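Structure record follows, encoded as structure tokens.
Going by the order they are written in, the chains are A, B, C and D; count residues from 1 in each one.
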Amino acid sequence: MRYEAPETVDKAVALLASMGRKARVLAGGTDLLVQLRAGVVEPEMMIDIKKIAELRSIAREAGGFRIGAAVAGAEIREHADLRKAWPGICEAANLIGSTQIQGRASMGGNLCNASPAADSVPALIAAGAKVTVVGPAGRREVPVESIATGPGKTSLADGEFVVSFLLPPRPAHASDAYLRFIPRTEMDIAVVGAGVNVTLDAKGVVSAARVSLGAVAPTALVVEDAAKALIGTKGEAAALDALAKAASAACRPIDDKRGTKEFRIQVAGVIARRTAAKALERARKV
Amino acid sequence: MARVVLVGNLKQFTGGIAEFDLEAATVRQLFQRLAERYPALGPHLEEGIAVAIDGAIHQDAWLEPIGAASEVHLLPQIGGG
Amino acid sequence: MAEATTAPAKRKLKWVGKRAPRPDGVDKVTGRAKFGADLFMSGQLVGKVLRSTLPHARIKSIDISKALALPGVKAIVTRDDFQDMASEFVPAGEMMINYKDVVRNIMAREKVLYEGHPVAAVAATNAAVARQALKLIKVEYEVLPHVIDVDEAMKPGAPLLHEDMITQGVEPAPTKPSNVAKRVQFAVGDIEAGFKKADVIVEREYHTQPVHQGYIEPHACIASVSEDGQADLWVTTQGHYVVRAHCARLLGWDISKLRVTASEIGGGFGGKTVVYLEPVALALAKKAQRPVKMVMTREEVFRASGPAPGAWVKVKIGATKDGRITAAEATMAYQAGAFQGSPVQMGCMCAFAPYDLENVKTVGFDVVTNRPKVAAYRAPGAPISEYAVECALDELADQLKIDPLDLRLKNAAKEGTRAVYGPKFGPIGMVETLEAAKNHAHYTAKLGPNQGRGVASGFWFNIGGETCASINVNEDGTVSLIIGTPDIGGSRASHAQMTAESLGIDLSKVRTIIADTSMLGYTFLTGGSRATFAGGMAANQAAGDVIKQLCSRAAKIWEIPEDAVAYEDGFVKPAGANAGKFPALSIADIAKKAGKTGGPIVGHAQINAQGAGPSLGTHIVDVEVDKETGRVSVLRYTVIQDAGKAVHPSYVEGQFQGGAVQGIGWALSEEYIYGADGRMQNAGFLDYRMPVASDVPMIDTVIVEVPNPRHPYGVRGIGETPIVPPMAAIANAIGHALGTRLYELPMSPPKVLKAIGQNEAKGQGRGH
Amino acid sequence: MSKHHVTTTINGDPVEYLCEVEQTLLDVLRDDLLMTGSKEGCASGDCGACSVTIDGRLVCSCLVLGVEAEGRRIETIEGMAKGDALHPLQQKFLDHAALQCGVCTPGFLVAAKSLLERNPNPTETEARYWLAGNLCRCTGYDKIIRAVLDAAAEMRRS
């Protein structure tokens, strides 16, 4: 196996193009190295993208934030401005693994690993984040939800990789939250994850909302009915109940070692409601 | 004579008799006399048996004395984790 | 002359009972300590095991030719490299083992019996080559139907693991083979008559899943065999003498040819009492004529090393209105894994052991299934049966409207109580732990909404066993204590403390060293809560031997009779008529002249320690249940246990706390999950959910001391009992929080939520 | 297969080594540099026994490639004591009997040191969550958490 650590996007693209599927992009490596060890993947080349500045920075852009795909969770946590504007994104990124994993794991890796249970993905989807993809055909910007197409599968073409995420500008009275259900308090993969992003008007009425669920379908879901249940309300109990119901109704989960179908459907509503309440509470304060 | 009690499955080798009186000054003598009386029991006394003499459990202790009026229980040997 | 074996307990203790520094402590906080995988030998090869991915199949052929041809491959072993062994049961770490089974467990012969079963092993120049070689070994199988579940395995027509297995303990003997290896029964009194006297009877069935010991250090060893057949093995184990015995036997070697050194051990809890890699590494090393290092991956640890069994237990308890138990019955079936030998017998013996009962009967079945062979795990067998009994008792207390501790007090075993397994107890601390629980502030603290409190008690026998100790008195009067039990959690400290106490010298003058198998006689493993108990007994006796020699040397120096001297606090003094005639001689004074008075002074003891005393404990736990998700949080936890005498209170507390948290995992989140294909789905720490630091509260401890009269310092052994009560205590707490009960472990969120849903449907919720 | 040449700093010392791409930093530390204080408990980032810091950032060395250490600053358990003076955390682990078997101890110490560098006054809950990536099977965590909080208090005093 070869190891390359290009310092520019172009060089990385060229390497990827030359190797095709025989190469693997290495960001935090917290999933990839486990797969490598287990013999699940046997690449001929590791392309370490962490030396590319663009992939390692968090910057203001167009009133929002651009976050490099290889920025580690701990770096996201430590970014005060980002935390203030997008607390839900930050808490989601912070739930990817332990403190040690946080030192390495990135949102780009979390997205491209395409696990239905990826924590940062529902938060990014709820935020309406865009992702910049680069490949032999140049750059394209697409919604986060368009990347994962099934467990372990993405819409990325051969030679493409994710460069960065773009979070939109924050209006007043807007905030987000991400919560998940796990059996333990830490170190587990989400059994259900929920990202909720809300904007309130001056009177505290929800003017815009996005709800996304993880781990309850082959890919993270955008639950429009749950968002609709919130819009036009002040987030009263009835609205939250309706949101919970919509969330449960949207689930298409499986039985597996981490939870039963029935359990996931029931708990998805509970977690969606708790997440929405948290996002609303935050939005009222900013 | 000591009062001897077989615990657990051991009485399967004595035709169902679980309690009897026996003259034995040590565990080894006890085993010998038991094996004479119940040949089928003999092999099962070789390994894996604990002997409680008046409540105190002994394992692999042939030379442990048995009092004339002692109460002796034969039970499965105990291990641990 | 001073008699060290009886004197110390009577005098004020200087070192026993102190929180002393531990001899191996600095090495373990600096990374210097060498564990199983930390030793390197020049020219070492890497050994890897090819394991079955099938749960049950007949091996038609094994072709190693391509693998052998791979450059860098130095040796391959398969079933052909191990001689078959006749059926012969011998006592091992946990209970009886059969070499016929052991030789098949270390390397499959006719069949593979579980996913993870070794089929071949390779020694190569590096890990990559070894892995590549494994892929080149071709094994042809005839796939057989498998059975994972114990209930399924007991059904007529279930796939048979061993075609010749006739259930033992059943009369008349069955004519057809089955997966039930053995039926055991223990009975006292007349349960039918007892149940007739009962006003209330509780009858319930409980299910538990296999749980792994979860030691953080995987199995590891490095073996070296020289051309003349002398062999060395460095291994992480709870008992290197036991490893030596098994390896020598399996390989047909003289025991003297094999020297085994115990590395530092990164946890065992019973799981490192049997052999897996060790005989394979030795066989590879002999074949390759180079050292071979083998280290299991975490996945291999889960798939191929022994967990504790899963089981079902039926319990029936009857009592009078005032809470006196009139009869108790339990029937249980334990999974043995692929080979017979689950700890069901001990489960039967322990089930009702904390109680004084007239009429009691327990029946157990040892059942083979296509899973890895179970190994000992802390109080093997006891946590399962006692979980069931302690839960049923709690329901009985509810029905009788009696405080659950009072119910237990009313029926508690005491000194003189006849144990359900026959003999009468000596002094035991059941009543004392119950009273301490009742008086503990925790027991009466206020609970919030959705919170519940549970209590449960637990019993474990503890054992003694063969143990050697040597005390070398060095030229400067310091002493080296050499002992044969691997130190798994501070026993070097407790042994040093007891030695300093027995010799009446400063603790800093004692250093404890763990012997390799050539330095001392056979010493049974660290397990059964015996290390501090039996090692302390041996060290004390060796100290007595040293004192005798010191006295003799002093008498020689003074030219007076040996019986005219006395030993006190590290000094020999003239006594009797000679008192005051000569200045007292310190150990250092005598040691300095040892060469001139007969040679070095070395005390020995080689004993089969008898007189271990049972340790009883009672736990109190508060939980909170998230009724919307079924998540259970442990809010407060108190362990109360009789230690006999806590030689090093910090490490006694540590055993209490560690056992309790393992129990929390067993109760709430740990389980083996198998797919329909007979493969384990959660063979890693991500999905085999052991408690992490944020899952648990501080674990309060109360050390009760009812001294064991048969130990010079009153020690009982304390390591195993702490894992017995937690599952029932937590189940009972959840029961009280919800007003409905769960009968299955682990009480994971899906199960709890389902129980809540069913309870609400019945309209019976009455949480308090 | 050609090996990569890596120049790095470990516990303040310049170190050079050759490694295969497949080798993790933990493999290199243990097998090539014979620094066996970092332990392999799972090789999947779930137990924390191999914890080290890279440029001050806490990571599992089993999830870092050896080649990635090029030009970085690595701290391991072997660098924690200064001369014959134990780090306050090491001393407190001994004082509180915060280790039984000791195999998880190096990882806990490295992780706890990283916590106290960022948060000199952690609450019990903060300490528990920070250390949730370090498994201990012997102690039930009680004495470990007490040792960490006590070390933090002592380090604040001095």
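Worth a mention:
Note that a residue touches a chain if its C-beta (ideal position, glycine included) is under 8 Å from a C-beta of that chain, and two chains touch if they have at least 3 such contacts.
Given the structure is predicted, the values throughout are model-derived calculations rather than measurements.
In terms of C-beta pairs in contact, the better-connected of the chain pairs B-C and A-D is B-C.
Chain centres here are Cα means. That of chain B falls 26 Å from that of chain C. Averaging C-alpha coordinates per chain places the centre of chain A 68 Å away from that of chain B. Our note on geometry: chain B versus chain D, Cα centroid distance of 54 Å, whole angstroms. Chain A and chain D have centres, each the mean of its CA atoms, that are 29 Å apart. Within chain B, contacts with two or more other chains are made by no residue at all.
With touch defined as above, residues shared between interfaces to two or more other chains in chain A number as follows: 185-187. Multi-chain contact residues of chain D (touching two or more other chains): 20, 22, 43-44, 46, 129, 131-134. Chains touching one another form the pairs A-C, A-D, B-C, C-D. Those residues of chain D that touch chain A in the shared complex are 1, 4, 20-22, 24, 43-46, 48, 51, 54, 57-60, 62-65, 67-68, 70, 111, 114-115, 129-134. Against chain A, the residues of chain C that register as touching in their complex are 131, 299, 628-631, 668-669, 673, 681-682, 685-687, 689, 691-692, 694-695, 748-750, 753-754.
By the touch criterion given at the top, residues 5, 7-9, 12, 47-48, 52, 54-61, 64, 71, 73, 75-81 of chain B touch chain C in their complex. Within the complex, the chain D residues that touch chain C are 20, 22, 30-31, 34-44, 46-47, 49, 76-78, 80-81, 86, 90, 93-94, 96-97, 99-106, 109, 124-125, 127-129, 131-146. On the side of chain A, the complex with chain D involves touching residues 1-3, 5, 26, 28-30, 33-34, 36-37, 46, 48, 50, 72, 74, 97-104, 185-187.
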